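Okay, so chain A shows up in both of these, paired with chain B first and chain C after.
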Partner chain A sequence: MKNPAKEIKREAFEKEFKSKRFNFGFSRKHLCIPYALFLVLFVIFPLLLVVFYAFTDANGSFSVYNFIEFFSNPTKLSTLLISVLVALAVTLICLIIAYPTAMILSKMSKHTAFICLMLFITPMWINFVLRAMAMKELFYLIHLPMGSFASIVALVYDFLTFMIMPLYSTLIKMDKSLEEAALDLGANKVKVFTSVTLPLSMPGILSGAMMVFLPVMSCYVITDAFRGNNGFSVIGKLIAWNFVGENGTLVNVNGGAVIALVMLIIMFVSMWMTGGFKSENAGRGTNL
Partner chain B sequence: MANEKKEKIIELIGIKREFEDGTVAVDNVDLYVRKGEFITFLGPSGCGKTTTLRMIAGFDKPTEGKILLNGEDISNLPPNMRPINTVFQRYALFPHLNVYDNIAFGLKLKKQKVTYQDENGNEIVKIEKLSKGEIAQKVEKALKMVDLEGFEKRSVATLSGGQQQRVAIARAIVNEPKILLLDEPLGALDLKMRKDMQLELKEMHRKLGITFIYVTHDQEEALTMSDTIVVMKDGVIQQIGTPTDIYNEPKNSFVADFIGESNIFSGTMVGDKKVRFIGYNFDCVDEFEKNEKVDVVVRPEDIFLMDADKGQVKGKIISSIFKGVHYEMVMLVGKTEVVIQDTVERKVGEEVSIIIKPNDIHIMSKEFTSNKYLGYITKKNTVVFGDGEFECDVTQLYPNSFLDDEGYLITAEGEKIDLTDVDVNVEVGLKDIEISDDQEKGGAIGNIISIIYKGDHYQLIVRTDENEEDYVFDTEYTWNVNDRVSIIIPKEKIKLTLKQEIKK
Partner chain C sequence: MKKSLFQKLTFVLVAFFLLTFTLSFFNKGLVKAKAVENEITVFSWEDYIDEELLTEFEDEFGIKVNYYTFATNEEMYNELKKAPDKVDLICPSEYMIMKMVDEGLIKKYTMPDSYANYGSSYIKKVFDGIKVGENGAEKLSDYAIGYMWGTMGFLYNMDNVDAEDLKHWNGIWNEKYKNKTTIKDSVRDTYIMVLGYVYEQELLALDKTDKTAYNNALTAIFNSTDDVSIEKVGTALAELKDYIYGYEVDSGKSDLLTGKIDINFAWSGDAVYTMDLGDEAGLNIGYIVPEEGSNVWFDGWVMPNGANETNAGKFLDFISKPENAVRNMEYIGYTSCVAGDEVFDNAVSWYSAESEVISATEYAELDAEEQAEYGLYDGEYYCAIDVDENENNIYGILTNDGAGVYLKTFTLDGGVMGNIGSEEVFAVDLKYFFDETDTTGKYVIYTTEMGRQLFAQYADEETINRCAVMNNFDDATLEKINAMWNREKLITLPTYVLIIIGVLIVLMVVAFILYKYKDKLFVKKIPDADKPKTKNGLKVIKKEML
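For the complex of A and B:
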């Protein structure tokens, strides 16, 4: 005769055996462990490190000296201001060129649009330092002097695609009947653009602006290559200089961390101001 | 109808729209709409109804032809210059504006002439925009019209489908257009809501008194709402008429089939006001030439079910479905199915008979372009149709296929298919049939029942005995009616298509 207590024990064991032994206690949520580890190691930890260095001096004790130093140094502040202005200008120029381009692309047949998009995208697959150097050669060829103008042209060239792509993806997704509805209600072509197309493509504009404005501020490789004798430099150069001296040794980690933190805050503020954190705008950009 | 006295508001003359890829969406459309009329373009998807509407709205330009509004050519006028507003299929509400701003969109752009008097008493005419107060008043009125008072500040994204629909209608009618275009506006609503909106739209049409041009593929919707229906197919107008006309007097089998349930039989005129179909000579009211091949339309509700032996044609019920108000039954007569609607149910398998009154038989002449039959393939890879068996080329059913030694079909992909008993559609052209006195020579045998002289040739009809299958063809030779002949069709002239995919 079977022992009922023994039976129950057996069942419980089997249940445990099945769940533990064969699944190794594994469930779907455990798949996020590698990602969480990555996040802690390469995102959160470095960020905390930057904050730590910004608020300490060379000896490792707490100090706000580096902040005072940065905000009272006219050279550093003017570099920051110039960076912001240059980034604004480049963003604006990119927008002015990219918007009509994206509009034309969105009205093309899928096939032609794809070919044209590839013409914009393929150069992005080439290392951008290499691209900058090629551009420089081109400028020599057409006798364009190095300087502020050349820097801006080079920056616009480098970031234009990042503006076109989100704009294109927003415009292509836009319901064409909305423009027709506006036309139907008596709006002329200009009015249709200002009252329907433009406001509805705002997510694309913002997304594109973010993808141009912020990187331009730190893109010192281009400004270095094109500044010549009287050009400008961007804030990214300042950070690099603070961290890495001429022979690759750490120079002023704490000072550099402060500038990096200031940049970070500027990014957050601009994101927040343009509504970049709103969930409805998630994924508004497009992958290259 | 009162409308018939009113003048034409819009007129389409010889309209053709050919797209860049060469497809013709609309061809040779001539029609006019009277002021205040509710007209519906009805047809299956791809029939050109929406394209026609878009040309009236101005989103599309006709390749050929003219569109006249009150007698003036507006073919090249952009949409914003036309006194016409549209309710779009998926509403096309502006997602970045609230309900009020959506409706006020057109009003804010509108300019009107205002007459002033200066100090000297001279009249000055100025063109001004509407004041905020005027706009608010009009929006309020429009919202009241569509039962959406109090929704002004709501975002359109928070509205239900029906409410969005109402906003779309309000946005269009607030501009007081001369013509309101509605492009399948109720397509996205559920059945109950759609029925309610149909009545509301009709009521709105009555109140506003403006011309409505409505596009739908739903025949019931068209019948319920319209003063006039334009039935379209493949870009060509099939029939224009009142709902009653279209329903009771369809011009061709397409219209008959599209508007409501109907039985369409192929028949032959056998005498003065006598038509033969489903094996019986019915009296009818339409006059056609004797022996002419015709399409016969009978509405299911017009067929009276009787006990066997009492009616004109006997048959057997093969299916019966309860549909709420009535039962929909299918009776089999020979090989033909007859759909009947009746409130009294007859059981499946019951022998019954039917009576069709002359008035309920609608006859339309048939354009005869080719002989069509249903057939099947035999073991010997011949085809049986029209009471006969013919040699045929079965490899045409699959491109690049061939027959192996055992008679199986090998497809281009190398699959082996047994075609025995596969149902096929058979088509034989009018010029591809020959007849012979030698009854052994052909695949089917029948009597010549009609010879019509067509100028340079004769058109003959040979009818078989068993199932009264007809072979229609042209010949240059003279024959006599009632000659007994056999039908010869060259192997390569028999066009076969699969009735349905073969399971491999």
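For the complex of A and C:
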């Protein structure tokens, strides 16, 4: 119901505003220039650098030697596969713990939920290396030996909040009347959960999974602290090892870039498989 | 559509332009010749200098110091390669210096005066002995002066560990200390340790009569990098895995202090620091270098080719002065390569069994709490070395009654000696480090406890003579050692497991693709009879329904 008089006024104003006298050739789309520059400098350019290093050798000439080396080295491949499996396990455990937690939180009164959420978020304000060290002391007190199990427990502890938050924000926004309608129409509670709640919270599950799965694969600080004498290391350790080295290692930036590229591909594949690129999910707003 | 394609193209072009632009920078080096004359750029380890010294140097010479840090030699090397002209002074470890000389990255320079005068003769001898360059025609001492040095050994809790066990490297391949040892998460340091275990018999069988020949033979064994040695080290590491608590590079100190572990394979500087903290916490922590021998390492100052030699020389001259070396040692806890009487006096004041004696004027400057530590005797103030059961201060003076030096202990009551006793002392002769030519015996420190801070800071000559400098290994050797290290440290799955998991992952992705694009892939294969004939079929049905 537009007011014709107002509409004419507005058009006149816009015409005047859009004339060169007022905007100096500036239009709204120019506002994205800083963002585009940022994108090119800090996203596209580093990615291209990784690709460039991955396909060259130490002298800067084209080479696929590092790819062959990586895919024919059983130790490095094992580390990659172990990282994927560990990341899957950690994601699953986080999901199993986080989903009920998020459901309970979403059913609480706003005030209680806020307090409970703060209990989850506050530890995140402490540096995660410090948290890991504290966790180590705790494990020592309860005589939990360092090793693969301790690493997984520590990883779950560190990433749990990243799973709870997206799930909580999806569940809290969900229209409760849909569940009520399903109940009215005769579905039992299990049926309501499997055919209403779970499908509707899928975006939350996916974005939570993305926030846990990929960082776990590179989170070598935790595995270094908790691996003990026989635990596993994640692939991030190999990348760091190739780039920074330790006393007496052969620093191989190109080899490191190959592993980074392989991880990038895994990331893209998993994003694509979970539908991360679909435009209908773009505005789901479930990230932290 | 056309426009978006154009936009994409521009985007890609801009990106590639930026890429080439920056890469060209990498090739030429980030910063060309320094524009400012009175500035130097120092690239060194974190927390490796008393930062007040930097300010004092700036004030004294009017030269601004840009101090940058690195965490590993390898990181430094990469940074330097990216910007070779950017830095004036670097402080890498000895093997990295050798590598840099071989690659022509650093230049010769004249030894600064203070180092020429006060640098330890022992360090100079070692640097002279390290041959670098083509066919080993040049000496390391032409390219570098020493900064800090030390040994590697076991840091252990003396209450829980039998020191006899740790006299040999095999002490940690021992069920007794299972889950109580940490080793270095650093291939180079752990490699030399395991070599000491692998070649135990050969090392112990060496003839020790000629010091130089012994050290040369030992150094050769500690630099074994043939395939057989690497293989043996790998096997020994695999065995060791079951006995250790874990790998670390920084947490070992706190783990030892909190009692999680009893033995930590450590650098001597860390050892001093940990023993100091242990003393405060009431723990007995000792440091030992096994009989087979160990590693001795040096960090030295080098100048890259583009360095400003005058300014950098001034800086080196400044920090090599004994008084500044003492301050650095106090701040860092490692041992300086600079000798000189100030450094020796400082070591005496730290480690001698005897009471430190100060004059009345010095005493007057202390605060009340510090004054309580001192007692007046014969016009001078003595610092307490201990307290007895009645909380009385105990003082000590070294006494020689002809039969040998011992520590005379006493309490002081109004300037009069009471409760006189005696204690055995050990003499540690440090003339090899401070002045080889000395015959007066003035570089002897008497201490009541062996294998403690003094030993970590300045090991006796015999111990030092069984420590080997580890050479720089070429890339092919490094690759082999690195592969061995990775194999032993990381988990390697059997090949068939790798293949099965690989096939499963590929199958999963293929199944997903088939599922996702099933409409596009299979729709044409369905017989025509059951389906609407054309694209308009849907519309036809709709019309019929209406």
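In the analysis below, the second predicted complex is superposed on the first by the 248 of 288 C-alpha atoms of A that agree within 3 Å, B and C clash if a C-alpha of one lies under 4 Å from a C-alpha of the other, contacts with A are read in each partner's own complex, and residues count from 1 in each chain.
Criterion: a residue touches a chain if its C-beta (ideal position, glycine included) is under 8 Å from a C-beta of that chain, and two chains touch if they have at least 3 such contacts.
Nothing here was measured: the structure is a model prediction, and the numbers come from that model.
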Clash-or-fit label for the pair chain B, chain C on chain A: fit
Touching partner for A:Met146 - first (chain B), second (chain C), both, neither: second
Partner chain(s) touched by A:Leu183 [first = chain B, second = chain C, both, neither]: first
Which superposed partner A:Met108 touches (first chain B, second chain C, both, neither): neither
Contacts of A:Val269 with chain B and chain C, given as first, second, both or neither: second
Contacts of A:Leu81 with chain B and chain C, given as first, second, both or neither: second
Of chain C and chain B, partner touching more chain A residues: C
Partner chain(s) touched by A:Lys191 [first = chain B, second = chain C, both, neither]: first
Shortest span in Å between Cα atoms of chain B and of chain C, once chain A is used as the common reference: 7
Contacts on chain A seen with chain B and repeated with chain C across the two complexes: none
Residue ranges of chain A touching chain C (in the complex, touch as defined): 40-41, 44-45, 48-49, 52, 73-79, 81-82, 84-85, 137, 140, 145-146, 224-225, 227-230, 232-233, 243-251, 253, 269, 273
For the chain B and chain A complex, residues of the former touching the latter: 57-59, 78-80, 84-86, 88-90, 92-96, 105-106, 109-110, 171-172, 175
For the chain C and chain A complex, residues of the former touching the latter: 11, 14-16, 18-19, 22-23, 71-75, 77-78, 93, 95, 179, 184-189, 191, 241-247, 249, 251, 258, 260, 473, 475, 478-479, 481-483, 486-487, 489-493, 495, 498, 501-502, 505, 509, 512
Chain B-touching residues of chain A, taken from the complex the two chains share: 175, 177-178, 180-188, 191, 195-196, 199-200
